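Shared between the two complexes below is chain A, which has chain B as its partner in the first and chain C in the second.
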Partner chain A sequence: MHDLTPLCALGGAEPHTDKVAGVTLTETPGHTLASVAARLGQEDACTKHLGTLLGSEAPGVGSWVRSEPISAFWTGPDQWMLSAPYDTHEDLAAQLTAHFGATAAITEQTDAWVWFDMQGDGVEQVMQLCANIDIEKMPVGAAARSVIHYMGVYVLRSAPDALTILGGRSSAGSLHHALLTAMRSAL
Partner chain B sequence: MSQKNRLDGGLIDRSEAWSFRFDSQYYKGHKGDTLASALLANGVRLMGRSFKYHRPRGPMTAGSEEPNAIVELREGARKEPNTRATTIELYDGLRANSQNRWPSLTFDAMAVNDLLSNFFAAGFYYKTFMWPAAFWEKVYEPIIRRAAGLGSLSLQDDPDGYDKGFLHCDLLIIGGGPAGLAAALTAGESGARVILCDEDFLVGGRLNLETYAVGGMSGAAWAAETVARLQAMPNVRVMPRTTVIGAFDHGVYGAVERVSDHLAVPEDGKPRQILWRITSKRALLCAGATERPIVFENNDRPGIMQASAVRAYANRWATTPAKQVAIFTNNDDGHRTASDLVARGVEVVSVIDTRAEAPTSSDYDVVAGGVIDQTWGRLGLSQIEVKMPKGGIRRIKCGALGVSGGWNPNVHLTCHQGGRPVWNEALAAFVPSATLPPGMTVAGAANGVFSTHGALQSGADGAKAILADLGIKASAPALPEAEDTPVKITPFWHVKTAKRAWVDQQNDVTAKDIKLAHQENYVSVEHLKRYTTLGMATDQGKTSNIAGLAIMAEVAGKAIPQVGTTMFRPPYTPTAMGVFAGRAWGMEVRPTRLTPSHNWAKEQGAVFTEAGLWLRAQWYPKPGETHWRESCDREVMQTRKSVGICDVTSLGKIDVQGADAAGFLNKVYCNGMAKLPVGKVRYGLMLREDGIVMDDGTAARLAEDHFVVTTTTAKAVPVYRHLEFVRQCLYPDMDVQLISTTEAWAQFSVAGPKSRKLLEKIVDDGMDLSNEAFPFMACAEITICGGLRARLFRISFSGELAYEIAVPTRYGDALVRRLMQAGEEFDVVPYGLEALNVMRIEKGHVTGNELNGTTTALNLGMGRMVSKAKDSIGSKLSERPGLNEPDSLKLVGLKPVNPDHKVPAGAHLMTKGDKVTASNDQGYVTSACYSPNLGCHIALGFLKSGDTRIGETIRLVSPLTGVDHEVEVVSPHFFDPEGERLRA
Partner chain C sequence: MIINHPLLGPRDSSEFVYLGDACLINRPDWQADDALEQFIEYGHTRDNPAGLHRELWYHEQGDRSWLVVTRNTVTHEITQVELARDVARAEGRSK
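Right after this comes the complex of A and B.
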């Protein structure tokens, strides 16, 4: 076991939390991420493998399938982003490589992203100040690629009053500022 | 001062009296007032001075079309010039000042312009300030700007925040008058997602300004009840204080919500305004209509207003501009104003109706067939002179004159995508044409339906048609009964005998100016507009365009529709610049990207520089170092002597996988990549399709079907985009998968003769770093510090024995601390971008300065890298003769003959003895630095046939900076040209 201490994307040893009115914004470093892209000609096999892993059909366009321990959302034709708890799946990419074999290209993405959870009454109003997503019509289990303050993001709907926002790790501070400012403005 | 012109009733809340200040005087007003209504209630008609002639002006309207009553609102950093008093919502403690006057509003010395008006006709500037040309910018323009103008800026940062937001709906309804409310009710009750925007703080449009009943109650009560019903519907969003400013492509509308403008200061964290981007499936424009004035002699005195505005002030704001009011009209609507005023106890001294067949009244005097011949009153109207139908002049004392020239539908938003309105003879007005922005329809007065009943019905019908189009079943709420008066108008645009009669009051354009423009052969209406500046003020001519067109038509002997219309463009009303910026200002103007070692570098006192969006450490000053060069030189020397560490995370990293990954890279790099062994790295040059170099970097083969490609920091995104294009469009039959991993890995360069020894202290047992086991250009996936996965590359930008080591980004901070700790025994040093740059110039390595979008592999001295054994992107076009001239530019090193001289980048190279002319140019300097190892300044540059001119002394010139001295052409590899150090 190595002895290096990790930092959260916002630079703290512990994840950052903010609360404005009834909405909480939490930096959530406890997820691993890995991209899965089907190899040419292996699209069906890859999709099937993903379905097996999730215990349901692979997510289609704009969808997010949440299951234990691995969840997946669609990122492009025959491409998905998979996530799992960090504590048990730090080596998610390696596990997936074993599972998918030659049907998919797997790339570790865990630290490419900062993962924010936003929960509470008013998350829709906050998101309306952030991204051009029809958030009122976005169902639970939907995933959208969008832009917040010039930064590419994924927005996932985890509950009627909860959203997950994934943004580039290096600009985590700017994304956090954008989200927090929108919370103060909208709530 | 008492509110001497305050009437009973109205839609204001008298429970509190608010204090406000205009110029130096304090007044009282009430919640529900605008600044204009409160000032009128206090007997103040004079609110501004005109643009050019500095004539006294008061409000002409009661809405956003106002040309005259424009003031500087608030003070200090929040001061906002050119704000319309007619739309400013009063709040307790409001401060406003008049503008464009000196020394005061009542005595404005610049009003002398008015006496010189004969000299200031249309085209005055163009004709007068022709000579000398140089005087325009330095002399004439400053004088003109001081004399003619609007408000002044605070010249301070705006302390308020602005937001941008995004809304979506089935139906966007623009305007909350009778048509808009009926439409919202119909669509809302049918379950459609509706957004109703109204620019007023009280939704209801003219229902709040009129007296007639709607469904057995007052129009205002019906509006309030309807708004409450709509607000209770979860599928309807009612947005007061929200102006739709533009109609854009694909059903997108821009709307500005004034969140905090009715407050002295925005609440903590709240924006002043929000710019909403509303994506609608359909839009229904219910923007109402604007009453137009009639042009007559001295028609701009404070107190002369739209008749409908006088009515609005009386009915809604319980105020009158004066105790005695006259009306000048060409249609029945003017009489409605007279009746309403009488009902509210205001004395209507006369109604002058241009029509011989004007209706009569027992409540007020009517002059049928009369016109206003002249007006009097220096700072406000005191008397009018009426030319009687049977001859003779009648003088009437009055403090206000309501003018009604008919109504113009507010067609502005219908024109934002090129539509031109069409002339309606019956209404004597332009109405929307069939060419509307896709998805838009128009209802109510905006569509020329002027009665309340008609507006309600057309709003409901408009909504029903849209619902049917969207496949939503319409429920049909019962519409209230309302007046259905037909329009009776006989067009009358201007009193022909008038000499000084204002058409565009905001830009001080007179009827005479329009006639002059015609006389000077301005035939096109667009030319007329620009020559006279008619309609070019911030009100975009909402009250003036039509009269201007009518006068032009008359003098040209044409019909009005033959003259045509000018184009309305967004924004519909003046819009604060801040709202377009939103939150993107100051440090947040764009996102900032931080490297994994940022916190640590900050602790070391690093000086940061922007590299694209990244903040990178530029150098790490030590105590006692007073100049960046001292720090930089120390970092270079120490790295070359022992070992240095640099965060290189910002360089792009792209994961390339697939059975055809090697073949794919063989296509995108001009040099061979297919045969690169697993565990090896190769330098690669990527060409654009035109043969020019796009970027350079490395490709590391981690497995047969797995590469990691690096790019320069600047080109990380363009290269990724290019690779995706190649993958998806050029070679879709290749099995290749791409994804960026730039941010997933923290990567550090560990460079210098002691770098191996340092790394040996942190790599896990079993990893042999010896030159034999892990030679130059080797790579491996390893573990460090007891099991952390890492990637190690033996590559060197500095020319030293060097490595790049990558770990998951969350461990980047820990890794740099560990490396510094482990390197203490070697006197390890962190180095920044400056030292990195010095070392790569010493080594002759190229970077963005050399890969500048004009250079080829041949120019860079890498012509032989373009493989002839395969086809790659750009390779064929790099063979073009023009890119392969015998005297092509070649990369060279440059050293000053006099060691004290610098060799600045951007300077040009000339053959000794040649004249310094562009045609004699031999090349230019791209990168320059002071080399602490060589003890002099050095540079890289491109020189014609440079590779054959090593040893030549040439002339370095920079006429801009006065540089002119001799430099020696040398090999670009100043340091360790054989590469012994990096292979050590």
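Right after this comes the complex of A and C.
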């Protein structure tokens, strides 16, 4: 058997953290991700399955439903991204495939993304420099796809003073540079 | 120019990619007897109206949905924005 050492997206054995003024940017590797896309003609059934899974309504346009252990945010018409703790749901995609059956196409996404949490006084000013979204109009639980430095990202509002940013794992370093530069500039 | 996305609301046109005439939705049947002529028409022949034009836009920097935007090519006024899938389904496609 191979004996491989898992690394974080930024290359470290431990997740990277930066602090500028009152804002902390943290790489958060502890999530597993999978996308759910309703199959043609199965949209209603798929939405219902998702609601059952979350214990509430499936997230509508531009929103993020956080529940334990699985959370979901809207990514497009009849499409969602689901996340769960890595420690307990490493096989999230397989679990979802069993749950949704033929109503949805499930795609494993865990290793495709880097997950950053940005928290502190001034996260709105940082995001105003980064992306073309009305961050001040995004309430807690809002989700938006946008672009930061030509890289496609999801921006989620987790608290009044906290954002979650998901970007492509292969460009994690570039996204980290973009966020950190904006933090130094805005704060 | 602002495109009023049917789901996400007003978004700057820089977030979108323009494809062309919305007639591209109506791909010909490749098994038709006159498929060659139909595909030549489909691939190359376009109207070039000075006025209302229905065209396909892709929300590349957003939710990645395809839209059918009705735009006045003289004034750039946008009078209607629909999800392309709704347009296609209304025409009996994607059933």
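Assume the second predicted complex is superposed on the first by the 184 of 187 C-alpha atoms of A that agree within 3 Å, B and C clash if a C-alpha of one lies under 4 Å from a C-alpha of the other, contacts with A are read in each partner's own complex, and residues count from 1 in each chain.
In this section, a contact is a pair of C-beta atoms (placed from the backbone, for glycine too) under 8 Å apart; a residue touches a chain by one contact, two chains touch by 3 or more.
This one's a predicted model, so the numbers in the text were calculated from it and none came from an experiment.
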A:Gly152 touches, of chain B and chain C: first, second, both or neither? second
Touching partner for A:His177 - first (chain B), second (chain C), both, neither: first
Most chain A residues touched (candidates chain B, chain C): B
Which superposed partner A:Gly62 touches (first chain B, second chain C, both, neither): second
First, second, both or neither for A:Met1, with chain B first and chain C second: first
Shared chain A contacts, counted only where both chain B and chain C touch the same residue: 40, 132
Complex contact set, residues of chain A against chain B: 1-9, 11, 20, 29, 35, 37-41, 79, 104-105, 107-113, 128-129, 131-134, 136-137, 149-151, 168-175, 177-178, 181-182, 184-185
In the complex with chain C, residue positions of chain A that touch it: 40, 61-62, 75-77, 132, 144-147, 152
Chain C - residues contacting chain A, complex: 7-8, 12, 14-15, 61-65, 83, 85, 94
Contacting residues of chain B [partner chain A, same complex]: 161, 163-168, 193, 268-271, 274, 277, 279, 583-584, 588, 590-596, 598-599, 613-614, 649-650, 655, 657-660, 733-737, 739-746, 783-788, 807-815, 818
